[in-house]
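What follows is a set of structures to go through.
Note that chain A is present in both complexes that follow, paired respectively with chain B and with chain C.
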Partner chain A sequence: MNRGRSSWALALTMLLPTLLLLLLFNYLPAMIGLYRAFTRWETGEPPRWTGLTNFVMMAQDEFLRISLSNQLLLLIANLVKTLTMPLLVAELLMSLRSPRWQYLLRTAFILPMVVPGMVTMLLWAFIYDGSIGLLNQILELFGGGGLTRAWLGESSTALLAIVGVGFPWAGGLSLLIYLAGLTSISHDVWDSCALDGATGWRRVLMVDLPLLRPQVRLLMTLTIIGTLQDFGSILILTGGGPGLATHVPALHMYFQAFRFGHLGYAAAIGLTLFVVIFTLSVFNQRLGRKREESL
Partner chain B sequence: MKEATPSHNAGSPALPTSRLSRRTFLKGAGVAAASAALSGSSALLSPPAAPQSASRQIVLATISANYREGFEQVAREYEARNPGVRVKVQIMPANGYETWLRTQIPGGGSGAPDLFNANYAWGMYERGLTVNMSPFIEQRNPYTGRIWQETLNAQFLEKFKVGGDVTFVPMDFIEIAFYYNADIFQSLGLQPPRTWEEMLRHAERIRSAGIIPFAVPGNADSYWAGTVGWMARFFSDAYTRHLVPMFLSQPGDWDYDAKKNAGFKLNLNDPYNDAYVVVNGERLLQAVQSGRLRFDDARFGEIYAHIRTFSRYWQRGFHGANNQTAYHLFLTRRAAMLLETSATIGQMMRDMEDLPPSARFQWQTFPIPPLTSSQFRIPPFRGVGGPGTVLGVVKKSPEQVKLTMDFLMFLTTPHAAKILVEQAVRNRRPLIGPMLIPGAEIPDFIRRYFRPFEGRGFERMSFRGLMDEQQSVWEWTVWAQRYMDGRLTLPEFLQRYQKLMIEAVPRVIAMQKLDMNPKTRDRVDSAK
Partner chain C sequence: MSQMSETRRRPIPWGQGVVLLLLLLLLGLSLLPLFMMLLLSLKSNADIFTNFWGLPKPPRWDFYAQAAGALWRYLLNTGIIILAVVPGVILLSSLAGYALSRLQFPGRDLIYFGVIALLMVPGILTLIPTYALVQSFDLINTRWALILPYLAGGQVLGVALCRTFFSGLPEELFEAMRLDGASDFTIYRRLALPLSLPTLATIAIMTTLGVYNDYIWPLVTISDNAIQTFTVGVTRFSGEFNLDYGPTLAGYVIGSIPLVMLFAAGMRAFVQGVTAGAVKA
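Moving on, here comes the complex of A and B:
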């Protein structure tokens, strides 16, 4: 009993510094932000309580409204990217018979994760460049000169170009999670499938995918959070332009806070984003669990 | 340089100038420490020591990396004259600098610098975060023995006043002009154009030869604070110069200065005609509010029609191009002309040296040629006269502000300006533009490139957004990009433009705490 109590105290003592820092740097600013979303707070001025004014402004904000449709398209595209290519690669890797090749190829797919995100974005900016970009040069090389574009510079292609960043979207965390999920499936299950004649894609669809539901659910949640929060790549590649072609709510929040000095309004956008992300994540988790229970 | 008033040059305690050769500049032969020779070389520079106390620190956090060695040398000299004071020179990356300032300065505390590049944080003064320098520049600079503002550029001080207050001290300025590939021009039998229309005819010839006439960055940054933004500015200055009398301070206004405004007669032929007159911000806002100044009228329509026509000669997909892409097109001879700042001269010289001989070419610069085809009487385009290194002071304790001001006075002496230029040249760092502090000699081989950038006067009013209120500048960027992209017609764009300017008025009023009565002074809480 005493031993249990002392180990509990020891654990608490060791956790306490981290907890305090978390409270100070994560929870406290979030709480302050929650309150300040209901204030008029401009750079250098004390916040003044204004109730729901910021949220009314949001409803009337034309730029925010346009950014929502861009965001929806990006979210759908990112979900599709996360749920398809990494899974395909994971399945292909698992189907390799040679463990040595499996290991080598897995490493090759994961290795690009060490490249800093900023470098990746600058690299893609070069790939998409309308005058000297790699993509246009490749198109011209293969006789597709008519298809060349200033990919990030034309309203009709800029958002698609943002979606295309990272092609073939196969590496990174998603792949690792799928691999972990597939590794945890017992070989007996696959052997039984083989006996029943379910091989190849049939097995993937009928057996692997249902068993990978927890991983899919996790990746969907992470993708929703990551997509709605991320504006860094857009800021680097297009700055939200041309016009509003790639403008998203998180970028709008950043501009409001750090370029225009409307901190209260930015906090309101941040709070709304939090509510949306939280709701979608909870909905996704619950929906996934219900399906698993019904199986 | 015409904009330099006689008082700038007269009587400055000039030090002997060692002229630096091209070879010295390009080879970067030895960073000779000039501090020994310079310290104590002027009697006026000697003691009037700053308020002395132990362990006081001044932090200069700047992105002006070209003056790195110069700042360090001036800082060490200042420390030697003021025992107990430490000057920390912090060279910052330009990327993220604005965000850093906008978080550090309002936060106060030890993270905030004392001196910073003020043009990276517009609106800070209006929010009471930086110091009103007006009372200080009227004082005697102990290091020159003269009233401080007499050795500063009066036109720049006037141009960038906020609510009648001087909010930063300019050290040099950055200007724009066209760079051109002289080899391409020669091969096509072209001369630098004398009119805007001739320039477009040249562009047509160049395009027929299979070369991109103009390399233009057109991303959001370019509209916001770069090439396309400059175009909108010099066009709107030329098309609205006739309106300057409408916004002038009138007798009875709090900022009326009879010496500057009483005898003013508009002369569109003189680019410096309105350089020193006092414009009242509230009168300007009233004109926008009442519709006496509209942005959807025929004049603004013509401005944007001209820019759109001009864009036909830019590289395809310019909206996706940044500064580096445009520069690369010019450097690789794929584009014949480039609208760039004076800061590019140094980079161009270095890059030409680094290129293999077969890839090098002759290049030159020409000023923005005047427009001659308009239904209105349009004066020649003036420069946009962007601030280069302009230093603002963060509001801290009165003692700290006093100390920082004392260092800034030292930093803006002709002696210090000379150090900055010499060290930049010795260390092969680019000079971003002509100095605004007298006393520094720029080597002739650089100076000749600077000439097309000088002597054109500076815009007085620009309407790429309202009074540089950042939200209106961004909104203008959005709609201007959509117009240039063909997503908006000219009337649709002008309608948006008018709306965004009207909507910006209350924001500017709130930010500057204006009562909209030109007779009363609405001071931002700044002069503590």
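Moving on, here comes the complex of A and C:
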């Protein structure tokens, strides 16, 4: 058939703009980032190969060490948030008898997703505001006026306040993914559970959770990737402060590059974060899969 | 479904009333910030400080005019970027998706792998090099600094979704058009594109969301306020109101409206696309 040749030309025409853009703005930067992590590269100067110097500097960087422990706490907190509240709400929604209430409440729970992320962050900054913030107002309403403070402005509460963002952490993508998972569990499974006497919370633990493993695995991977990469919200809420109370590695990278001009050092932090994210994701996927196979 | 199995489906042993009450409580907590944003956006500072929870007296609708006056340029700038990026992403990723699914040529799978492998490359790795690259093209502080990387980045998911969708279409449809003498480009335009409207709508929504919500990239590449986007602008505009909370919160509401409208419109297009009957076409 002569279609093969003409297909090549046609395919190339159809693919060319996409491939050019991806090579230029995705592959090339990734390669540059990989290489320049091993260079001394300051703003306005040509990069100079220095081998592992940047990584040795990272090991001795006090700021990075402190930011690492903050990051660990945030990661654990985000994993716990993703694995509890949305799942609880999904199970509660599934046990509603009225389809109309079910639909109405599901829609209402995912409504906050429509609000732009930046507006949500600024709203939370307002909730934690020291003078007239919503949290302080609620505390005063319930007689806890002595507790009021600028929640993001004190080093003893700032990190906890960041963990609290999004309370009660019930809606969003995680809820949708759990609901999709629960809906796909066959009714036969639940019927036979009822016959075997596995009802209520026991069924949730013994039957639903194991069957939801693919969803849990996906959400854990997304949370790991999202938490380790996201420094925009911390930049908005606290700028990493007060002091270093909410500093995280990705924010450290941003400051090194765009405030101090140490581009090479920042690229090294970026590369390290990429390796960590990649390793954790693969590990999480593998581990989940192995457990599923052993079932 | 029988009433019996209906009952067995419910995992939680409490009565319906308790379940409903718990859900409504959690929902109330989730929506409280949004509700307070709407309520307080209509109050002057004096009103907020003396009467935090009560209804605004009087409601200050003029705050919305003030906020719109301070924000419209940022919203327009975001709109310009979206109008430049979204049609481009849809066109290019549907063309590439078609080539990678319905055309036979050597290296096809390798190229597709090369595209989706980018899903594994996080923004954190490429942020600084991309900045240096855009700087070397002399594009810093121009709209191109936003448009070109968004156009490239949006295609990774776009190509993946388009290729998956086009691969799933029955070969008979394509064969019938080829027998009628249609060229591949005609088949793409007349058959593949119309059928993939729901997929394209999904790509459009996700690309719009990505551009609208992006903060760090415009923050580092754009310093000229005249072309700055909403996400960065909204963090700065409250300085114009002498620390008044009302107009600031009104600005947050205004900034949320485009996405609410997008979801309302996008859902309809999505449902239409599905119900228009892909198989009948």
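For this structure, a couple of remarks:
Convention: the second predicted complex is superposed on the first by the 274 of 295 C-alpha atoms of A that agree within 3 Å, B and C clash if a C-alpha of one lies under 4 Å from a C-alpha of the other, contacts with A are read in each partner's own complex, and residues count from 1 in each chain.
Simple rule for what comes next: contacts are C-beta pairs under 8 Å (C-beta built on N, C-alpha and C of every residue); 3 or more make two chains touch, one makes a residue touch a chain.
Just so it is clear, the structure is predicted and the values come from calculations on it, not from any experiment.
Chain B and chain C, once both complexes are superposed via chain A, clash. In the superposition on chain A, contact of A:Glu42 is made with chain B only, not with chain C. By the touch criterion defined above, A:Leu111 reaches chain C but does not reach chain B.
When the shared chain is aligned, chain B comes close enough to touch A:Glu154, but chain C does not. Among chain B and chain C, the chain that touches a larger number of residues in chain A is C. In the overlay built on the shared chain, the residue A:Ile32 is in contact with chain C alone; chain B does not reach it.
Contacts of A:Ala170 after superposition on the shared chain: chain C is touched, whereas chain B is not.
Contact with chain B, but none with chain C, is seen for A:Phe63 once the two complexes are overlaid on the shared chain.
By the touch criterion defined above, A:Phe258 lies against chain B and chain C together after alignment on the C-alpha atoms of chain A.
Once the two complexes are laid over each other on the shared chain, residue contacts for A:Gly130 go to chain B alone; chain C is not touched.
Touch criterion met: A:Pro242 reaches chain B, while chain C stays clear of it.
In the superposition on chain A, the residues of chain A contacting both chain B and chain C are 132, 258. On chain A, the positions that touch chain B within their shared complex are 42-45, 63, 125, 128-132, 149-155, 158, 238-244, 247, 255, 258-262.
Contact residues of chain C toward chain A in the complex are 1, 5-13, 16, 19-20, 22-24, 26-27, 29-34, 36-37, 48-49, 52-53, 92-93, 95-96, 98-100, 103-106, 108, 111, 114-115, 118, 120-133, 148-149, 151-153, 155-156, 159, 184-185, 188, 212-213, 215-216, 220, 230-231, 234-235, 245, 249, 252, 255-256, 259-260, 263. Against chain A, in their complex, chain B makes its touches with residues 98-99, 102-103, 106, 123-124, 127-129, 212, 218-221, 223-224, 315-322, 325, 328-329, 334, 470-471, 474-475, 477-479, 481-482, 485, 487, 511. Contact residues of chain A toward chain C in the complex are 3-4, 7-8, 10-11, 14-15, 17-19, 21-22, 24-34, 36, 85, 89, 91-98, 101, 105, 108-109, 111-112, 114-120, 122-124, 126-127, 132, 134, 137, 141, 167-168, 170-171, 187, 190-191, 193-194, 199-201, 203-204, 208, 225, 228-229, 231-232, 235-236, 250, 253-254, 257-258, 263, 266-267, 270-271, 273-274, 277-278.
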